[in-house]
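For reference, chains read A, B, C, D and E in written order, and residue numbers begin at 1 within each chain.
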């Protein structure tokens, strides 16, 4: 998994029928210092994440292991909202005190 | 998933039999600012996308989760046509008013 | 899938038994302008491609969806020979008139 | 697999139910000279690794082949703690004498 | 698949039980000119490869298609030892006359 921030969403009317009702989030990938990178991914949402949330997303076949994504043509899923993140004993992120 | 624009197509007569009747689109990958990158992918089409359409594509085993691609040797599928795309509360793309 | 050119082959006598009789092609990956890149892949052949052929290859579990590769330890397969390739309405490759 | 060092952990309260009780480690990827790179991955823990441990992690569907991760939406798992590592006959890492 | 050279091995005592008895090789990835790159992978061994051998390795779920790796948490397997390698009609590697 990688950590990223929800920065937007995508709306698509014409899509594979298995995507009906699935929210598609734009997630900007963060590096290991919690800084935004130039990478992004569009991921299905399984935890009702919202704009600005720091999240974990999984890719590949693992992205289909939630009840929201099973057997669906999605290769990325937001499956957790990050509460806190520690590195080398230091807290680099705290949901209730974001930097 | 990533977002890209349909910029072309590939025709192949000699191919694995399971590819018969599958349209193969050339999709140029866009970055999170909706700018074209140097990356591309050739993806099977499951939504009748056409040239110039902004689309979402899925890769890997997830690309085989549509009725058009099930059990077939394709590792990328266009599974949605993007209508609109918002980033940080701003609309960066609107199908009926493309930039 | 990506497009590449068959530039060589690999011979291996000591190999997993499931690889017996499978031809292994060296494919140089081309970019979306049909120019060779520094990337390559070794792919099993499912369409009797030969040196100089422009081909499509699929990777990952999708590479095991041909009769030649089913259940075998190969992560890339050449599953089509490109006849023609159009970009933005322009023909960038024609098998019978290669550039 | 790649080798990395456990440099932190991530806590998430709101997450897919299948992630309950799974420890999520932040692993900094090392290169083949055992030097830290800029890459990281968040991986489920199947071997009770701790901060500072040099570990092996597997990605993709292979990350779901441990009893801790089976059928769960995780795409990376720490599945071994490195004791020693030899390159060209030279020992580059020894757990009990780390550099 | 990609081609690489076996440059070392990794020993791990504490590991997922399914890894018992599996030899883990450090493989330095070679480019299409048979030159070493900065990339490496740790791969399970299915062909009793040894230091200095030029090998083929497969990644992802395909790495679990050998009897040595089935259902195990490994995402890379050495599944062939390269005897010879031809590019554009030229021999770039011959096991019995390595460069």
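By our rule, contacts are C-beta pairs under 8 Å (C-beta built on N, C-alpha and C of every residue); 3 or more make two chains touch, one makes a residue touch a chain.
All values reported here derive from a predicted model rather than from experimental measurement.
> Can you tell me the least number of steps between chain B and chain D, where a step is a move to a chain it touches?
2
> Which integer distance in Å separates the CA centroid of chain C from that of chain D?
Taking the mean C-alpha position of each chain, the two centres sit 33 Å apart.
> How many Å are there between the centre of chain A and the centre of chain B, using C-alpha atoms for each centre?
Chain A and chain B have C-alpha centres separated by 20 Å.
> Using the touch rule from the top of the page, what residues of chain B touch 2 or more other chains?
In chain B, 59-61, 63 touch at least two other chains.
> How are the chains arranged in terms of who touches whom: line, ring, star, complete or other?
ring
> Reading round the ring, first chain B, next chain C, what is the order of all the chains?
So, from chain B then chain C onward, the ring reads B, C, E, D, A.
> Looking at the complex, which residues from chain C come into contact with chain E?
7-16, 18-19, 24, 26, 28, 38-43, 51, 59-61, 63-64, 71-76
> Inside the complex, what are the residues of chain A that reach chain D?
1-3, 31-32, 46-48, 56, 58-63, 65-66, 69, 77, 79-89, 92
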